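Please see the structure below; I have some questions.
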Amino acid sequence: MAQMNMLEAILSAQKTMLARDDKVVILGQDIGYFGGVFRATEGLQAEFGSNRVFDTPISENGIVAAAIGMSLNGLRPIAEIQFADYIYPAFDQIASEAAKLRYRSGGEYSTNLTIRTPCGGGIRGGQTHSQSPEGIFTHVTGIHVIMPSNPYDAKGLLISAIQSNDPVIFFEPKRLYNGPFYGEPDKPSVGWDSHEKGEVPEGHYTIPFGKAAITRAGEDLTIITYGTMVHVVETAVKMAGVDAEIIDLRSLAPIDNDTIINSVNKTGRCLVAHEATKTGGFGAEILSIIQENCFWKLRAPIERVTGWDIPYPHAFEWEYFPGPKRITNAINRIMEA
Amino acid sequence: MAKKQNQSNIVNSLNKLHVPQPTARPDEFNDFSNLNIPNVEQAECPAIDTNPHEMRGLAYGLIRVLDDDGNAAGNWNSTIEPHVLVKGLKDMLVTRMFDERMQMMHRVGKISFYMKSTGEEAISVAHAAAINFADMVFPSYRNQGILIARGYSLVDMMCQCLSNARDNCKGRQLPIMYSWKKGNFFSISGNLATQFSQAVGWAMAEAQQGGGRVASAFVGEGSTAELDFHSALTFATAFSPPVILNITNNQWAISSNQVVAGGEKTTFAARGIGFGLPSLRVDGNDFLAVYAATKWAAARARAGLGATVIEYFTYRVAPHSSSDDPSAYRPKNEPDFWPLGDPIDRLKTHLINLNQWSETQHETLIEDIKTEMKQNYKQAESYGTLKSGDRPDVTTMFEDVYEDMPLNLLRQRQEMGL
Amino acid sequence: MAQMNMLEAILSAQKTMLARDDKVVILGQDIGYFGGVFRATEGLQAEFGSNRVFDTPISENGIVAAAIGMSLNGLRPIAEIQFADYIYPAFDQIASEAAKLRYRSGGEYSTNLTIRTPCGGGIRGGQTHSQSPEGIFTHVTGIHVIMPSNPYDAKGLLISAIQSNDPVIFFEPKRLYNGPFYGEPDKPSVGWDSHEKGEVPEGHYTIPFGKAAITRAGEDLTIITYGTMVHVVETAVKMAGVDAEIIDLRSLAPIDNDTIINSVNKTGRCLVAHEATKTGGFGAEILSIIQENCFWKLRAPIERVTGWDIPYPHAFEWEYFPGPKRITNAINRIMEA
Amino acid sequence: MAKKQNQSNIVNSLNKLHVPQPTARPDEFNDFSNLNIPNVEQAECPAIDTNPHEMRGLAYGLIRVLDDDGNAAGNWNSTIEPHVLVKGLKDMLVTRMFDERMQMMHRVGKISFYMKSTGEEAISVAHAAAINFADMVFPSYRNQGILIARGYSLVDMMCQCLSNARDNCKGRQLPIMYSWKKGNFFSISGNLATQFSQAVGWAMAEAQQGGGRVASAFVGEGSTAELDFHSALTFATAFSPPVILNITNNQWAISSNQVVAGGEKTTFAARGIGFGLPSLRVDGNDFLAVYAATKWAAARARAGLGATVIEYFTYRVAPHSSSDDPSAYRPKNEPDFWPLGDPIDRLKTHLINLNQWSETQHETLIEDIKTEMKQNYKQAESYGTLKSGDRPDVTTMFEDVYEDMPLNLLRQRQEMGL
């Protein structure tokens, strides 16, 4: 085991797979010689050559399309989209092509493409460097949607993504690259060495899709979340002094219904939290699953704490962000109901 | 500034947006006399390793081999074995008659939709003849001739159109949206042009792995406006992969004339010049020209010289699809005036000139194909039609969304009682 | 008043606005001389000239981008996307530009663009001529999302869309163009002359966004739906013999929370139906709103009846479609709970 | 076939994908001796109504007016009033010094982000000088020179960068993402190239309404790979609207050299040739050349002749942004060797040659700008900085999502207790 931050874990996953499977290739903007604007591919071109790791023109559509084509010819491409906010030009290739290819061809063709992309706010990136568009992709059947919350999971899940024979969108909460973020921007930041999930095996291991993690067991209420919000929720739970069960979904599609349902059936209370905007977000799906499956056990309305329904504003980053206080308020409301 | 004088080419009257217009609308007349058709001697044939900048002229001329009398001539003429030509003629005929049969089947309600390639058969068939079977084709929906030239079973094609129990797309796709993996023929997408950029990726992987095969992708001239066309050319110029980027300019995109797609100010082949790619403009109704241009492009690709753009200049004789009635937007007799003739007639005359074919052989062949087509259809229909209920098993509806069926789909299948 | 089918009503709305406001222009594929593949713009170029109504190259991205640009220069464009399944290449211009322009520029710039696009199945169109992607757009804040279910609403809502100073996506359930569809494909189809909403004023009128219609008042349960499903639900309600209150949302964003909440508070039971796939669809948002606001009045789990989580299959159109039988089953489950 | 012989231009070795590489990496040396810089006499200047096909050469040459000694010559030379040049010099200096000031403010933590345009000032400033104030600019993020040339208040620019109470973008955008409606300067988007296709739409509306204004849009060479570039050119060729489509080729796109964007096989100006559009390649560090090319394109547009594509050949002396350190991917001294010099130095020399300027005047001007800049910054800071808390009112966070605030936002604002 080694100490890794989340970037190192993501780098390690890619390096492990490049070494293990010569069909693995990486493409994206600035990911070659330079090693990526977040350094998630640092050193990989030097080690594996530009035949395996290379820069592309600035065309998200072209990147995804080329990666699909490469996968059709036996390769196993990892495509980096520099910011999740810039994934939209590739939307058609993802939703109409990658997601539907296996189906439309009666199983003859399919793509194993993995798309890695940094998402979420907290770096003063303004509205085009902060978005969390996962809720747009969870409505597209035929792709897997993953978002890890820590280095250990990031590496294991990314290796699973690369090995998967289905297309995967792997969202990386950039606020977590260097350390867990507990939702308090004014507090000094801490590194992953302070967190048990910063211990990451050097070699190959996988974490299966569709399995949520219970990051805190509890009896009072269930909080379902993923990505950065896992740590923010932790803070809020401490502040509220409740015995919450915190579920880190990790995999949004496929989603781990059983873990969710068992927990809410036990606690009877539930809160859903994500950084993305509320209306039509993935929180609505989580809430619906619970409502449909745990109706008779629910003792209070499920609440959603999310980003407001506005673009992520540069100067009001922390007013937009669903921080510990808003979560605590919601916890209190739910516990009092 | 502005030293040299020139005639005006002002296109915009003030106070009015320039909206490109076709030469003629239904009540008007168009004999294509506005087209400048160069003769077969005009186009040069550069060595494949010529610098693309030295062959820009090819994007503005027209590569032709068969002259008006059906004789082969010009710089692009080369010796093609007669059996290749005879097979080509046969494949074109089969393609045309297959289209006719299926169009009829649509008319009588056996299939839900159809798209013919009438008049454009040489493009698919000669192209297929000039590349290797192992080369990977990323087709548009009007390349049925490639399947036929590659020997795909007509029965299988019909079964796909019938969405019956033997449809290899398992009833999921509209008729004609074929997929034939064993034939190195990619699954046709309903979303225009998406295959163009994917083909470039496939070819990049081929270069990366040193396989020696070529990718060949097709779009219509209307579809060159789509985004994936740009991605394809951008990646093709950056990475020089072995790919042929084919544009079938059949003058129409549903009701929109090729001028709407940006064909008014230059050729579609010229798009490739914008990226420094060798770009050929080819008489698409000339089997020998299509064959020669394809061979040239494939040789470039196999030599590691990268991508070639080819525009095939042709005419969509058929309606856009079974849902379309072209008399609503173009002169009814416009197809009759297409100055580049019919690809089947032209190759037939050529073969007769070569003493490799005769009118009798031709008639016999047509009769044979007719019989075969009937038998094939009979067989295909024996596996069911969409209406007969002999569809693929309905439980397959939930398969192939993912490699393994996730829980939500398992549960939905259960909910359906399957 | 005149008898109009839904296509005629949509044509009439556009014609009314072209005549009333010389800033209105229409652009799209095949919409000019030809009048559109569904004939929704028939005769408009002949009447208003190609300066007002014109064909574009086949680039959905270019159409939306050009329309945004035209609106910035004082025009009021209506852009047709030939099928909703083909809207994805325009996704970036819609989600990153149209939706965020007013916000990012501090209110200096905005776009009044209306996008019309036929959606939904039922015409044997296969997976690329049948989709209902509204749930992807309802998660994008900054745009309005509308889907009418009848000629009268279609005209009034489309005029509102054209007059709106915000971007609007106007989904037209193509199965309803010629007549209401009651979910029984084998029954002879009927025209809009058989339906009271086939009576449409010739002139100008508007229906405000954010106001749902109660198409059937009832006490037993609330059924919330929109588009084609409004009529399918009607059939199911008759079959089930329940006194259901049927709400036709018409406007998904903004959504009429009050009408929904009042109804469910009254009935205590609720079903949500849409043709789009289930996971992450707009039904999840509706369900969430109800759960959050009507929790204490709910007497049974809310159910969603939707398309399955698969691409729309050509040969299994009616197996995919959430028809009256599936709805009736759900109604029975809800009533028995 | 393949008659003519030519030297090999084979780019792909087998078994390896061709991946374009810059001339030099950090530990290597690049003096740009690979570049072929034509002299000022080379480029012809056609009449604006010349058929675009007759001026294709302009996309492959380089339009220059100022020679190495700072004298104006060649076909594109024309009389420009000295006060226009002096204003240009001043605006370029202000632009450069504004950049330096703001970069410093970033370094000391007053602003969260910055992007300089060092070395590229002539492009924005001369372009702005050559079009009318009423012409609508669709800028990229490196066109601050246009704002300055149009007389936007430096204080307002600084306030935007500071996200303070006077920021007209209300704190919603990253620094430098300006919007100035009164200055006919479009809101800058973080999404590359989206403005390019919008500008074409704006110009279509201008043609439609007969307003006589021109739209002018900018992208970087890296951004030409984006989809909106293709939409822009496609619609520009189809509808011939009055638009200038400017490509700033500053050799780099973050860490990616222009070869990655497809600059290896041809010029970026050539992209326009693919669409039959007049396409100019211009020395971007030559104020007079940028001015002349812009005037020419604007005259074409105003005459109803449609769109022009212009590539400005320049060099990004600055890092990509305040988050970037170019020494990680290019030789540290590469900027020093850029063969087209510094645009400010070149115009200054020219003005001195014309006896319209002197070293002393230059130094005084610099001092004046320095003082002004300080004062402006002081004033801007008095309205607050992002950190000082003098931000726009937080309740505005929920405004401008729609024209009228919908219920969900009203309720969310209430929930926040505002």
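Here the chain labels run A, B, C and D in written order, and each chain numbers its own residues starting at 1.
Throughout what follows, a residue touches a chain if its C-beta (ideal position, glycine included) is under 8 Å from a C-beta of that chain, and two chains touch if they have at least 3 such contacts.
Everything quoted here is computed from the prediction, not taken from an experiment.
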Of C-D and A-D, pair with higher C-beta contact tally: C-D
Farthest chain (mean CA position) relative to chain A: B
Cα-centroid distance, chain A relative to chain D, in whole angstrom: 36
Whole-Å separation of chain centres (CA-atom averages), chain A against chain B: 42
Intercentroid distance (Cα basis), chain C paired with chain A, Å: 31
Chain B residues counted as touching two or more neighbouring chains: 16-17, 19, 167, 170, 172-173, 177, 189, 191, 204, 208-209, 225, 227, 230-231, 234, 238, 260-262, 401, 408
For chain C, residues that touch 2 or more chains besides their own: 51, 56-57, 59, 61-62, 85, 88-89, 92, 96, 103-104, 127-128, 141-142, 253, 279, 309-311
Residue ranges of chain C in contact with chain A within the complex: 85, 88-89, 91-92, 95-96, 100, 103-104, 127-128, 135-136, 138-142, 253, 276-277, 279-285, 287-288, 291-293, 295-296, 298, 300-304, 309-311
Interfacial residue positions of chain B with respect to chain D in the complex: 1-20, 44-54, 56, 60, 75-78, 204, 207-210, 212, 224-225, 227, 229-231, 234, 237-242, 259-262, 264-266, 270-277, 292, 295-296, 299, 303-306
List of chain D residues in touch with chain C within their complex: 136, 167-170, 172-173, 177, 179-181, 186-187, 189-191, 194, 197-206, 208-209, 211, 215, 227-228, 230-232, 234-235, 238, 399-403, 406-408
Sites on chain B touched by chain C in the complex: 16-17, 19, 21, 25, 112-113, 163, 167, 170-174, 177, 189-192, 222-223, 225-227, 253-256, 260-262, 323, 328-329, 386, 391-392, 394, 397-398, 401, 408-409, 412, 416
Residue numbers on chain C that touch chain D, as the complex places them: 25, 51, 56-57, 59, 61-62, 65-75, 89, 92-93, 96-97, 101-110, 141-142, 144, 164-166, 210, 253-255, 257
